[in-house]
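In order of appearance the chains are A, B, C and D, and numbering begins at 1 in each one.
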Amino acid sequence: MNDIVQEQDTGFYTEDMTISVGPQHPSTHGVLRFVVKTDGEVIGEAIPDVGYLHRSIEKIGEKVTWHGYVPYTDRADYLAAMFANQVFCMAAEKLSGTPVTRRGEFCRVIACELNRLASHLISVGTFGQDIGAMTPFVHALRERETINNLMEEICGARLTYNYIRIGGVGYDILPETCARIAAFLDHFEPIVEEFNRLLSENKIFIERLAGVSVISKEDALQYNLVGPNLRGSGLKWDIRRDIPYSVYPELEFEIPVGTGHIGTVGDSFDRYWVRIRELQESCKIIRQCLKMLPAGPAISKVPRKFKPPAGECYVRVEAPRGDMGFYVISDGSEYPYRVRIRTGSYTAMSIIDKLSKGIMLADLIVLIGSLDVDAPEIDR
Amino acid sequence: MGVVSYITDVRDTVKSVFEGLSITFSHLVRRPMTIQYPDKIPIPIQETLPRRYRGILEVDLDICTGCLACERVCPITCITIGIDMDKETKQRQFTHFDIDICKCMYCGLCSEVCPTGAIRHSQEFEGASYNPAGLVRHFAPEPSALYKPKKGGETDPTLVVKVDIGQKYLDEFATPDGGTVADEK
Amino acid sequence: MQAYLDQLMRDGAFAGMPKEVVYTLGMLLAAFIVLSVFVAPLAGVTSWLERRVWARMQSRVGPNRVGPQGILQWLADGIKNLLKEDIIPAAADSKLFSLAPYIVFMGFLCSFVVIPFGGQLIVADLNIGILYLLAVTSLVVVGILMAGWASNNKWSLLGGMRSAAQIVSYEIPAGLSVLMIVFLAGTLTMQGIIQGQGWAPWDWYLFHNPFTFAGFFLYFTAALAEGNRTPFDIPEAESELVAGYVTEYSGMRFLFFFFAEWGNLYVIGAVATTLFLGGWQVPPLGIFENSPLLLALAQFTTFFLKAYLWVFVAMWIRATLPRVRVDQLMSMCWKYMVPLSFICLLGTVAFMFVPADLQRIVSAAMFGLGVAITVIFFLRVSFQIRQAKPELYFKPHI
Amino acid sequence: MEPAEIFSRLEKQFSGKVSDFKGDVPEPYFLAESEAIVEICRFLRDDADLKFEVLSDQTAVDWPKEEKIQLVYHLYSYTCRHQTVFKVNLPRDNPKIGTVEDIWKVANWFEREIFDLFGVIFEGHSDLRRILLPEDWEGFPLRKDYIEQEEYDGISTQRAPLVEKLLR
């Protein structure tokens, strides 16, 4: 409390106020905490305090089998569980040389992109909520609900899928589900446009976002921002295109980058806008995949006692919150020797300390929302 | 602040507010999306769930062979099975078969490895209970014998039905084509 | 009211009682009736309606269990809050803390004294009516500041400070817009202002000239800000300040704040109706001539519905707009709304020198503009419905 | 640039400080000496042909049999589109190494995490505190010989197996 006491000529002295934002604050997206020192509404510094959701997933990885670890990876980032599934399975496949069936790859991409839609909807919806617009949030969740229903049909779970397995996917996508996904996409694209008319083009919303918490490209690299946050700063970098994996090289899609068409390049609006545009790109990808979906088995033959040879690999995929990397070491036994999960939110969180100096309390909420940090992914 | 930008600001604000109001008003006359849970729909909500839905685990002990595959595969060890030898009949029997629903994370691995489809996910998802003990499901309250698959198909008519249900579940649920299950069967 | 009591005393009722006692008792009775019969259910039903309207705009259903369509939800909530523990934090200034809700409540309740529900239905037609109203509604800020300070919570304090800054600033555009009408009407009494208008829309001050038309929206925006409504709900912005000045309140005291908020909405609508929308004016139909009761009922209904329309609009705006930042709120007030209010005020004054015939033509034109805006709006709504296709229902039986 | 080229370049610059290039694995890596880590990293970032602007990942692996904790650095270059991996061996009983926080700011949090979970001390780090675990937690959980403390603040850290406790 008494960190900075400014004695003034008048004998009138002021001191900074220390506020604890979180861990039960409404807009910290899970259990995050910031120790904020403010001068009235203006923040002197905001020190992130993470770890409230630490579930030691990396340690658990050393104690369960390779197959048994897949459901745990769901929990690393439960808003985008499919990607953690995929990256762990990719690592296991790379270590053991297990091939993935072609239909399996397409099923993976469909499921992942649906999951990306769901995750981005949560992101932009709660972002609206943080700024006070309640309706866009519920509209976004309404669409996500439909995606959850589709997921339920594809893999039987709504949030923690355990769908992607080593060698392919757990369950094949049925033709009637494909038809429903296509129907959903037809319905969803106009909804995104309506969402834009309701929220993204709103003058108050733009005023709140444009020019707020600008992240330059240099800062983004220094702090290793990834995914939409990096693209929002103007760097055209997408692992799906630049370090291709799965069947992404065969698909056509654009990589939206922040252009600063309303404020400055790298401001909160750019990061938000990249996510909105990625919604549309994901729709495009799913459409192509549905068209190209080949026949054949969804999963290749994998022994139940899965023992990849000793070795190590670092695999990354483009998750909704950016580069999700798994560094997996196998010592040839039934259990992974070491699993390291490197997530986008963790690095995004570390930049908040720097950016928060001198902004207003309301802008801190915008900053957190625009970085789309996700507590489970930070703490793992 | 120039006059032009002043006027554009006012115009943009009015325009976007007008647009937003028209969208929210249009939703006032559309149908709501949420459902009237749980008493205002004609059929139980469980029946609307897809067949693949992974709800609370159920076990049909009559067709369980006691191979312990599910116990071994469970990553969170929520299944505990006890098997011993019945002293009178000299047959192996279950002493207990418990599933801790508290711990279960509904990953579906156990139901995929089951050779007969005895352990499977039901559509039930409401697990509220007054104490944690109520969440431990005991499928073998008293010792019961293991199921032995007969060569050339099942003959007991009650068991035939159950075996068929299990097999149907396996076919529908656990990977229609190939997969981790197929290679060891 | 006073006239009615005088009449009763002349007729010999309350024999032997001093005049002051009769007045006091009469006033207390009136206050009780207004509070229990009108204000409490009004605030309650408004809270229910807000939740329903809001829910439908968000593709939800909303509260629908207590009573038909959930209309008694407010009663259930009220009883629940009455039964809850009234927590006063140990570190709080307990006297100020307990007093604050009542001051907020009083500030809003006192405004009902001058609201003209009908030609005769007014508690006291003060000769400084509208001025009194502006004064007592400002009392709310004292209560909010007290609540923010006494809670001894940093969120509450920030909320209280924001609220004070906001309400004090927005008094100015609101006051200027009111002044416009006072100039036109030439009186401060509420009934006088209403009588200055006619029953027909083109006789309303809203369509009197372009400046009052703009002034109405300025007034409504400023009044929303004064009532701490979205997009100006920064004092209790739940995503920033948890709950602002009400963070530490619970039970009935908490309810008082929300009671005042929802009641205040109606006051905003009522004042807008009085000033701009012709108040309780009804068409001079034949059936009203011989039946004063019917006339009073018609006047009350007209006034109530007009006022409630703006309550609905406030809910609707709340469901639509995001919230502005504190500095943007201030710059919006001082850079945009205050200058625009002055322009409107001067324009209105200048317009008063325009010949009467021309004034009539302008009124008709403005009315036409109003109708045109409404038509365009509904066309836009139908465009929105057509644009985004009907919702997907994968489970038709639900 | 290929991993082998990167390594040979480094070998030229820091002869004796980098060694053991292993090129026949999915991600080729080499070993670096812990004393030279800061110079190597600065060279990797600033050299015109290497330009590793990004520290993708920094983590540690515990090898109790070999009595070492191995730090693993994953670098990536967006400009040149190549990556490199290098490892640093540290003694298990007193792991200490210089911080690379000044080179990549993100290392601040990565190193805090490694300190938190492995107990590696980064000399010169600006804010070396526990990050994921509480300040007063004992031990370094990701070490292989870690034994979980029985109680933390009077709360048991074990979930008693309900199945056994409740009905057996």
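Quick notes on this structure:
By our rule, a contact is a pair of C-beta atoms (placed from the backbone, for glycine too) under 8 Å apart; a residue touches a chain by one contact, two chains touch by 3 or more.
Only a predicted model underlies this, so the values are computations on that prediction, with no experimental measurement involved.
Most remote chain with respect to subunit B, judged by CA-atom centres, is C.
Between A-C and A-D, more contacting C-beta pairs join the chains of A-C.
Separation between the centroids of subunit C and subunit D, computed from CA atoms only, is 62 Å. Averaged Cα coordinates give subunit A a centre that lies 43 Å from the centre of subunit C. A straight line joining the Cα centres of subunit A and subunit D is 24 Å long.
With centres set at the average Cα position, the gap from subunit A to subunit B is 26 Å. Each of residues 135, 139, 142, 194, 197-199, 202, 204 in subunit A touches at least two other chains. Under the contact definition stated at the top, not a single residue of subunit D touches 2 or more other chains. Chain contacts: subunit C has residues 57-60, 319-321, 384, 391, 395 touching two or more partner chains. Of all residues in subunit C, those touching subunit A in their complex are 54, 57-60, 154-155, 158, 161-162, 230-231, 233-234, 237-242, 318-328, 384, 387-389, 391-392, 394-395.
Interface residues of subunit B, counted against subunit C in their complex, comprise 1, 6, 9-10, 17-36, 41-43, 45, 48. Interface residues of subunit D facing subunit A in the complex, by the touch rule stated above, are 25-27, 53-57, 59, 61-62, 72, 74, 78, 81, 85, 104-106, 108-109, 113, 117, 130-134, 141-142, 144. Considering their complex, residues 50-51, 54, 56, 58-59, 62, 94-95, 221-224, 235, 237, 242, 311-314, 316, 323, 325, 327, 329, 337-338, 340, 342, 346-347, 349-350, 354, 379-380 of subunit A touch subunit D. For subunit B in complex with subunit A, the touching residues are 9, 12-13, 15-17, 19-20, 23-24, 27, 33, 49-50, 52-54, 73-75, 105-109, 112-113, 121, 173-180, 182-184.
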